[in-house]
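Here come two complexes built around chain A, the first alongside chain B, the second alongside chain C.
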Partner chain A sequence: MYEIDAKGIYYRKLNEMLREAVARGEKEILLKNVNGQYYIGDGIRQGDVKITIDGVPGNDLAAFMDGPTILVKDNAQDNIGNTMNAGKVVVEGHAGDVLGYGMRGGKLFVKGDVGYRIGIHMKGYKRQVPVIIAGGTAGDFFGEYMAGGILVLLGLGAENGKPIVGDYLGSGMHGGAIFVRGEVDETRCGKEVGIMEPDEEDMKLLKSYLKEYCEDLGLDLEEVMKRPFKKLIPVSLRPYGNLYCY
Partner chain B sequence: MNHNYEKDISGCGLIGIINKKKQRLGGEFVKKSLCLMNDRGNGLGAGFAAYGLYPELSDHYALHVMYDDPTSQRDFEEFLKENYDVEKIEEIPTKPVPSITISPLLMRYFVKPHKKMLVGGMTEDDFVVRTVMQVNSEIAGAYVFSSGKNMGVFKGVSNPREIADFFRIEEYEGYIWTGHTRFPTNTPGWWGGAHPFTLLDWSIVHNGEISSYGINKRYLEMYGYKLTLLTDTEVVAYTLDLLIRKHGLDISTACKVLAAPFWKDVERMDEGEKDAMTALRMTYGSALLNGPFSLLFGHRKGLVGINDRIKLRPLVVATKGDVVFMSSEESSIREICPKPDRAWAPRAGEPVIVELED
Partner chain C sequence: MFNSLAPPEYLATIDTDKCIRCKRCIQNCGWSTYSWGGDRVLIETTKCVKCLRCYHYCPVEAIDILDNATRFKSNANWSYMNIRNIKRQAETGGMPITGMGSDLPYPVLFDHLLLDACQVTNPSIDPLREPMELRTYLGKKPSKLEVEKTPDGKLKLKTEMPPQLKLELPFTFSPMSFGSISLNAQKVLAMAAKECGIVMNTGEGGLHEDLLPYKDHIMVQVASGRFGVNPDYLNAGVACEIKIGQGAKPGIGGHLPGEKIPLQVAKTRMIPVGTDALSPAPQHDIYSIEDLRQLIYAIKEATNYKPVSIKIATVHNVAPIVSGIVRAGADIVYLDGFRGGTGAAPNIIRDHLGIPIEHALAAVDDRLRQEGIRNEASIIAAGGIRSSADAAKAIALGADAVAMGTAALVTMGCTVCGKCYTGNCSWGITTQRPELTVRLDPEIFAERLINLIRAWSHELQEILGALGVNAIESLRGSRERLRGVGLDEQTLDILGVKPAGR
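Let's look at the complex of A and B:
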């Protein structure tokens, strides 16, 4: 494994070093002592590269990424996987706001809580199916303006009786599917969203993604599957109304 | 005026640290933490506030004043001697920093209002507030940018590292610190426009923009506040002074004014809370802050962090023993506290209120 010590290195230099290593043909790269460096892994295309990050990467991790796998051994910040096309990001801690914005392929797995505006404007086409799975709770605007792909929220370790997802769930949604483990409060959903029971086909698909998720993060799949899921899909084309002038 | 009207676009970075047991922490920590977020600012403003700063003169108001020229200094000092007992006058210690080529004259004064000035039930705090408003609006080129007791603000136009070095921040200790790096959006990057913004011992650092500035400003003007510093954040300092010190609201209620729950959520509350929230909104609608913000405010008894109602700016909180950290980015906390006991992102509009013990 090729190691880069990122301690005190400015993001621009660190990303140059990372790109050089990838261009040289390094397949397993460990970035040690990362703290706050922006843009790690952005736009990298090599699908067979695995980058492990020791520390908290800065904002805009894996933006426009097109192939590599990134494993974050700690918490992560905002804007992971913006417009990501392929590859995978696994975060062993929690992550921030606006994850997977406009994401169009690949996977983003977060073990802990995630912030606001997760998977907004996510899109999919034929074999391009972006998937985001968050293990903890999420804030408002989960899947806002979602146009494709799959968003999954598990609420593991959430306080009993407290909602695991915020307000405006799927507001403006017009494609894709959201799976929430447990109950969904209809009044917190966008008006375009229909809440239903997943059918057998849905569960098969969901389980295959969750199997991979649990393997990556050392979780027990059976435990995760113990609670039933709700499926949310768009049922109307009505655009979202008056939020910003309310 | 010591500002330049060039406009730039962008985000800001903020950091707050409080030791609940009042153990004082050196300025190097807040500097190190803030410097990690250097790229959130653009060199057009940075600053620090510290509490527990002047223990030997803690019963005097510490006025930090910036002057465009010696004339404004002379005018201010004449005014000061007529109205205050002045215990100590000194230059704010600075160190030459190559990138800071122009700076205002910077002085600090430890003062108490003359007893004879306090007429008609006016308190010392009222008098100091009146002084700040009067000086900033009437004495050309003089700006009081810090006016609390046992606390002080240091700010100017440059990056966090340069401002910290310029003001020798590492030589100070405090039990509450806030820091800010600025990326001005709609208002000029000038020395008085850097954060923190203060009044008495309220100090505010803010990321975002307050689009209700006009409404807030007109509302505050009815109570005698004068908004002279050309930046939206100024309204927050004066609003807190009005709501908490003058009107006696507690901090949590004041936060419900700044980031009021949406009407649709008020509808869902039980009757008592619904009535309270409705009354608050009817009374203080003009003090509601609209637009995206994450902000921290320090005060005599603690530190508070709060976001706008739909979380349009980042805020992360972490704890380690008696210390609580609040920041725009978790990495800036981890830079000075690698292994916090707990780290989380507060919910939109829900304040994190940390009070000093005892």
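Let's look at the complex of A and C:
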């Protein structure tokens, strides 16, 4: 494994070093002592590269990323997977706001809680299905403007009786699906959302993603699957069709 | 019961004595105004938008499109559009949509500004005989240049130059996406941009593979929907633009309806066929100047530091906003004025939000100079550039280059009918219907657009010659070469221009 000590290195230099290592053909890279450096993995395309991050990476981790796998051994910050096209990010701690904005493909697995506006305008295209799974709780506007892909919220370790997701769930949603473990309070949802029971096909698909998630993060799949899920989908692919006249 | 209480705006008429029943009008109208009645052409005049396609293709000049004199009683306060929109809203509960720039009679300050010329005491220059430089570089300029001597005694630039976007002429084309306009219309822009050494802009609709041969003359755009954005796209062009707002619809997003997303548009935007392409009003990762900086540098990191342009609509507080944008690391700021065009915008937004480009440009240029950061970014002025005179005046007010949108479309047949949002453009410009887009032959119309750019360039050179300067650089921000007519003191003060006679 190729090691880069990020201690005291400005993000621009660090990312240059990382890109150089990837261009040289390094496949397993360890970034040590990362402390808030932005844009790690930004625009990197090599699908067989695995980057392990020791420490807390800064905003825009894996922005525009197109293939690599990133493992964060700590918490992560905002804007992970901004407009990401392919690849995988696994965060062993909590993560911040606006994760997966405009994400078109790849996976983002967070073990802990996530912040506000997760998966905004996530979209699927052809065989690309972006997936975000958050293990803990989430803030407001979860899945806002969602156009495709899959968002999963597990609420593991949440206090009993407290909601695991904020208000305006799926507001403006016009594609994709959101799976929430446990009950969903209709009054917290955007008006564009319909709440359903997942069918067998849904559960098969969900289980396959959760299996990978649990393996990556050392969780017990059976424990996760113990509670039932709700499925949220848009009631219309054209939520604003009647807004205008000519 | 009648369909609508809004009477037709136009009366399409055919002189049946002249008409030879060739049915070309029926074939040409994208709005199905005409149909065949067995022995004559039938007219459904409520569908007519006066785009004049039928008029130009009638071989015997039998067609006339009249403004409907009886539509509503003429009233200086209650205009036709006021009454018509109320009727339509009462019938549907929807927001009236419109296309192109605002058509309301707000003052156009370009028409109250005059350029200087040389007489007797300073010589003018004849651009036909003497060199006249129009080349423009967009991007950050260093605040000072350091030069060092090489061992062989030559001078070498020591300062590292930030990336520059080289334009042979101080023009660019406004961002217009594939979806809002046809691929053939985008090809016209791309071909003309290549031939003239300038750039076109993809708008927020992705980059169709047919445009790749022109990539050295393309700026790619990233906006709130992130349509078609991946690392290949970001790296395809010569620069990237982050769209924050548009002059015709500041502060609101875009809704390209699903029925206007056929396969090719869906492929280019990388979304499924038939779903709405919704561009949220804000980019939810940008709530502050700091956030904007984060996205600017995310794009720079992904493109190995290509120039990044920020496009905003000119709003009341434009000067401090631009100061922030420049400090956030933008290389270019694209200012889209209140009168800027659109493919579709709610009437009420287009006609009532924002400020004109002239005021904004003067305020921004002033502010950046006062703060000593005018060199940190170039400014593109857009939103109502109708002629080379407007371009020269904008440049004198402080722009580095101007963008043309509507003017470029007019060379393709556009008559500014304002019905772009219907997707029925008979000229094949703002439509995706294959039987209509095929009418716009890219090679033929690129020739016309190139002609326009050449003509404007000659006119600019004549203006510069008359001013006695031999480079566009000498006119940039030179407000001393402008005079105002019929403007009040405060407006003159905002523009930094003296009244004519002073």
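One rule holds for everything that comes next: the second predicted complex is superposed on the first by the 236 of 246 C-alpha atoms of A that agree within 3 Å, B and C clash if a C-alpha of one lies under 4 Å from a C-alpha of the other, contacts with A are read in each partner's own complex, and residues count from 1 in each chain.
Going forward, a contact is a pair of C-beta atoms (placed from the backbone, for glycine too) under 8 Å apart; a residue touches a chain by one contact, two chains touch by 3 or more.
Everything numeric in this text was worked out from a predicted model, so none of it was measured.
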If touched residues of chain A are counted for chain B and for chain C, the larger one: C
Chain B versus chain C as contact partner of A:Glu26, first or second or both or neither: neither
Touching partner for A:Glu92 - first (chain B), second (chain C), both, neither: neither
Which superposed partner A:Tyr38 touches (first chain B, second chain C, both, neither): both
Partner chain(s) touched by A:Asp140 [first = chain B, second = chain C, both, neither]: first
Contacts of A:Asp113 with chain B and chain C, given as first, second, both or neither: first
Partner chain in contact with A:Asp54 - chain B first, chain C second, else both or neither: neither
Partner chain in contact with A:Lys123 - chain B first, chain C second, else both or neither: second
Contacts of A:Asn75 with chain B and chain C, given as first, second, both or neither: first
Set of chain A residues, in rising order, touched by both chain B and chain C: 38, 59, 78, 117, 141, 246
Residues on chain A engaged by chain B in the complex (per definition of touch): 11, 35-36, 38, 55-59, 75, 77-78, 94, 96-97, 113, 115-117, 139-141, 166, 187, 246
Complex contact set, residues of chain B against chain A: 36-37, 39, 262-264, 268, 310-311, 314, 316, 329-332, 334-335, 343-345, 347-348
Residue numbers on chain C that touch chain A, as the complex places them: 88-89, 91-97, 222, 224-226, 229-231, 234, 255, 257-258, 270-272, 274-276, 278, 280, 283-285, 294-295, 297-299, 301-303, 346, 421-422
Complex contact set, residues of chain A against chain C: 12, 15, 38-39, 42-43, 45, 59-60, 63-64, 66, 78-79, 82-83, 85, 98, 101-102, 104, 117, 120-121, 123-125, 141, 144-145, 147-148, 172, 174-175, 237-246
